[in-house]
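In the two complexes below, subunit A is the common chain; its partner is subunit B in one and subunit C in the other.
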Partner chain A sequence: MTWVLRGYTALLFTFVFAPIFFSMMFSFNSARFPTLPLEGFTTHWYETIFADEDFWRAARNSLIVSVSTGVLATILGFCTAYSDYRYRFRGQGAYLAIILLPPTIPLIVMALAMLAWFSKVGISGQVWTIIIAHTVLTAPFAMAIIRLRLNQIDASMEAAAWNLGASEWRAMREVILPFCRPAILSSLFLTAAVSFDEFTIAWFVSGLNKTLPVHVLEIVQGTIDPQVNAIGTLVFLTSMTLVIAAQLSIFFRLQRSTR
Partner chain B sequence: MKRFNAYALTFRLPIIIWQGLFFIGPLAFTIAMSFFLVKNFRMEEAFEMKNWSRMLSRGYVWDSYWFTLMMAAGSAALTSLLAFPASMYLAFRSSESMRRWAIFLLIIPFFTSYLVRTFSWYVILAESGVINAGLGLIGLGPFTMLNTIFGTLVGYVMLTLPLVVILQTVTLASIDRSLIQAARNLGCGPVRVIFATILPAAKTGLIVAALFAFILAFGDFVAPYYLGGSKPPTLPILIIDTTKAGQQWPRAAVVAVMMMVTLFVIAFTAILLAYRKRASR
Partner chain C sequence: MSEPLVVLDGVEKRFDDFVAVRRADLTINAGEFVAIMGPSGCGKTTTLRMLAGLEDPSAGTIHIDGKVMNGVPPHERDTPMVWQTLALFPFLNVRENVEFGLKMRGVAAPERGRRAKDWLERMEIGEFAGRNIETLSGGQKQRVALARALVTEPRLLLLDEPLSALDAHLVIRMQSVLTRLQRELGITFVYVTHSQSEAFAMADRIVIMASGEVAQVGGAREIYRNPANRFVAEFVGRNTILTGSVEGARLKTALGSFTMPGQGTQPADGTQANLVIAADRLQIGRGPLEVENTLRATLISEEFVGAFVTLFLEAEDGTEFKVQLQESALGALDLSSGGTFHLGWRGEQAHLMIEDAR
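== the complex of A and B ==
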């Protein structure tokens, strides 16, 4: 019985990882239509995208957007997590709801809402419009990671710092922030990864300032172009690295110290 | 704590202002926009029911609505069923370190490049793609899998499976083992243990996992568009077409509000079900 379940689980994991594997494999395959059996090995698709100015412009936009989003979302997430940890106040439920709700609203609805709102206020189509939208979307993840870390702090540590004469600000700087460092790092990586991959909202609000996933979206709408596998592989590697870095910074540490 | 406290406000206010301006603002504006008018390709602020009466009286909108609802609900059920045996294995039969590795691995695709993975499935499922090439070797096929409901389901399952397995595994792993042991001692077979002990104990987590799968599939446009061939268009595709092609933002807003209301009702019902205590006998 156990080995049947084990085989089944392995099969599900294959289903989950097969597309990533095939995309990487076909990015080095010379056939115009990616299928089996494989044809010759080539780096042609990579050369094509590296020679493409649109690709570099999109890559630059993606870099700016994901780094800025990571920093902004982490700052906002930290402030919110700390408020929730330290204080009990009226309307705390509503307070948590407004930060935690965005991931439960369909991206397509958020995309339309942001496009309409930003046009109304007159700031649509800029790179920082995407940054604002992505920060709304990713701040909940930052808040959740940092809040979990704050759960583990010994509440008397901050109080001890105050008793020893530290101001609230100094206790923040010398006790809370250092304790949260792994969570802050993890949050930076994870929110940057989510932003780096997000294409629905970015597609709606970006105007001419495409990010990499939006660039992919526009190629895919045309035809089957093996370029997508090459860009896809690069995008996978980037976001996988970020997500793995995020997990290594915190999740294993969280699990270890809860036992 | 009652007096004005600069320190507390520094941490509390930023998110209120930010989400107020950029989350509540846009959503509220979308609701308002569904009552606006479009004249000479320009949007005019108004309070008219025209968009609503137009959209709600169109057959294709309702076709799309029920199709999207059924597909999302069906895929949530399907994903939950597909995930359950694997979650049982990870929760009860695997070692602690294997479980941790499995979750570590599953978190990666959840956050990575859904769009590129969909394109990859497009290539795998195509008429001359990987699966049909493989089946051809043993003399089967080719089967048409793209532009069918099957294609859409593959996309939805790919999108939601990692999250559902994670949530189910965590829920199942936290069940009190002595409950299961007690059921066994009382003579329950494996099937009865699952239905009489494990499912009721894990109810909340299983429903929440399915709810997340529903929310993700309901709002996704990539799978039904690229793998399902947009036959018929789902609500997200309807929003895109109406916004991008027709400049009819108010009509798109009607669809968006319909989606939000539907999600709210379903989420509310699911959570009520998830936390409902069983009537004591």
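== the complex of A and C ==
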């Protein structure tokens, strides 16, 4: 039984990480085509992309979009999670369902709808258009993460803060936010990571302000170019760092509270 | 000492159709230890929350220290509360938890630290000042919660079933901590509980609430011996209640006619009334008893609590009788051979309760 599970796990990790591993490997291979055996070690592809202005523009756009999306989605997610935690109102179930809806819509449908809408109101093709679109996409994740944390709060904790002389705003700052801190950090990293990777919507609404994934596709459309492996490696490392940071911010919190 | 600190004047609280508290009138004096006791949903916690400003009365007024408190938000009151769940802040250490109330009142950091330290030492948890809340035991957390509530030196402390999460032996310990603290500080404690033993052990006065109404207010002894109505008689202690109608100096019931204890004014014949006999005042024997009221009953079950035993018996019409006696007295009764027992009580040791609307 144990070896079946072990084998299954090994297989799973292989399927997930083997392509990425090969992509990383080929990014340092001097051959033009990704075939084995490897030819020789090179940093040529990295040099090429670092010298490419388009790459830097795309990287800058991606960074701006992902950081802004992380912050906006987390603020929005926190506000919805808190309103759900704090108040009881008619249609609360529907309210939650609607908030959680965006990730269930096929990306291509959402991307097309957004493009149509943004063009209609005349704001298509800007960096902040991508930010708006990504915020809509990722805010539900932020909400879900923060809501989980708020579910763990002692039902009297906020009232205890008021009772000890904190106004509602003060209690928010001194009790609710510190309590949610690990979830807020986790949400920041995770939504930023999702935004950093997101391709479909970005491709439709970005116009000339390409993000990295859009840039990669445009290279691939032209030729088979090992540059893509180099960019892929960088994107992967960035996303992994963000996701791991998201995990750690929850993990450390748990460790502290069980110490 | 006896000036009123808290006055509830016709206070009512409705949640939509549900009436949580109904026309409550209550005066709590400065320096008093008052317990509000009743079953779940009787309105005791809602009453406490209204004192803290967490709920606003739907009708009536609440005065604290001579001021009308209706509409005053919780953070503008000086009514700290010890919560049932304690509600300590897990992201702050012990000292920071205790300092919280002072920080909210703008007390400077050095002063805060000094006062928090004083209170932690007073509660005998000074050594845990830098510790994470989660590392403390239940009793230690309890002390942190008390220190956090008392550090601002309020005149009124609200306690919402603070001991309900503790082990039995710790409850006894904390009871003495609480009573000692209250005597030393001379401040008013309003203590909500469903536990009769906690209320009777600590409070100067006990408020019994039932379905949103104040059923009786009085000292432990008064409530125990002279319950004001059927609810209190059933809720407090182990009472046997016989219902009947007044006939001269006797009460006629389905089980026979029994003498009534002396009354200030003799109720009119035909008045519906209840005779309440406390379990420790019922006598039991195998043979006839030398008291004016007697009857026979069958043993149903017994319940041991340390040195005392409560026997549950059933009379011929199904009325349940509860008799409490010393465990050592059981030998003479020969319980195992079953059959019927003689029960009896002295007329003046029963309590007469004129039937009310309920």
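Everything below uses one rule, namely that the second predicted complex is superposed on the first by the 247 of 259 C-alpha atoms of A that agree within 3 Å, B and C clash if a C-alpha of one lies under 4 Å from a C-alpha of the other, contacts with A are read in each partner's own complex, and residues count from 1 in each chain.
Operating definition for what follows: a contact is a pair of C-beta atoms (placed from the backbone, for glycine too) under 8 Å apart; a residue touches a chain by one contact, two chains touch by 3 or more.
Note that this is a predicted model, so its numbers are computed, not measured.
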{"item": "Three-chain arrangement built on subunit A, subunit B and subunit C clash or fit", "value": "fit"}
{"item": "First (subunit B), second (subunit C), both or neither touched by A:A18", "value": "first"}
{"item": "Which of subunit B and subunit C A:F189 touches, first, second, both or neither", "value": "neither"}
{"item": "First (subunit B), second (subunit C), both or neither touched by A:F55", "value": "neither"}
{"item": "Touched partner set for A:T9, first subunit B, second subunit C, both or neither", "value": "first"}
{"item": "Contacts of A:D154 with subunit B and subunit C, given as first, second, both or neither", "value": "second"}
{"item": "Contacts of A:G165 with subunit B and subunit C, given as first, second, both or neither", "value": "second"}
{"item": "Touched subunit A residues, subunit B compared with subunit C", "value": "B"}
{"item": "First (subunit B), second (subunit C), both or neither touched by A:A116", "value": "first"}
{"item": "Lowest C-alpha to C-alpha distance for subunit C against subunit B (Å)", "value": "10"}
{"item": "Touching both subunit B and subunit C, residues of subunit A", "value": "168"}
{"item": "Complex contact set, residues of subunit A against subunit B", "value": "1-2, 5-6, 8-9, 12-13, 15-20, 22-23, 26, 33-37, 75-76, 79-80, 82-83, 86-87, 89, 95, 98-99, 101-102, 104-110, 112-118, 120, 132-133, 135-136, 139, 168-169, 190, 193-194, 197, 199-200, 204, 213, 216-217, 220, 224, 228-229, 231-232, 235-236, 239-240, 243-244, 247, 251-252, 255"}
{"item": "Subunit A residues touching subunit C - in the complex, by the definition given at the top", "value": "154-157, 159-168, 170-171, 174-175, 178-179, 181, 256-259"}
{"item": "Residues on subunit B engaged by subunit A in the complex (per definition of touch)", "value": "1, 7-8, 10-12, 14-16, 18-20, 22-27, 29-30, 33, 82-83, 85-86, 88-90, 93-94, 100, 102, 104-109, 111-124, 126, 128-130, 133-134, 157-158, 161-162, 165, 190, 215, 218-221, 226, 236, 239-240, 243, 249, 252-253, 256, 259-260, 263, 267"}
{"item": "In the complex with subunit A, residue positions of subunit C that touch it", "value": "52-54, 73-75, 79-81, 83-87, 89-92, 100-101, 103-105, 132, 134-135, 148-149, 152"}
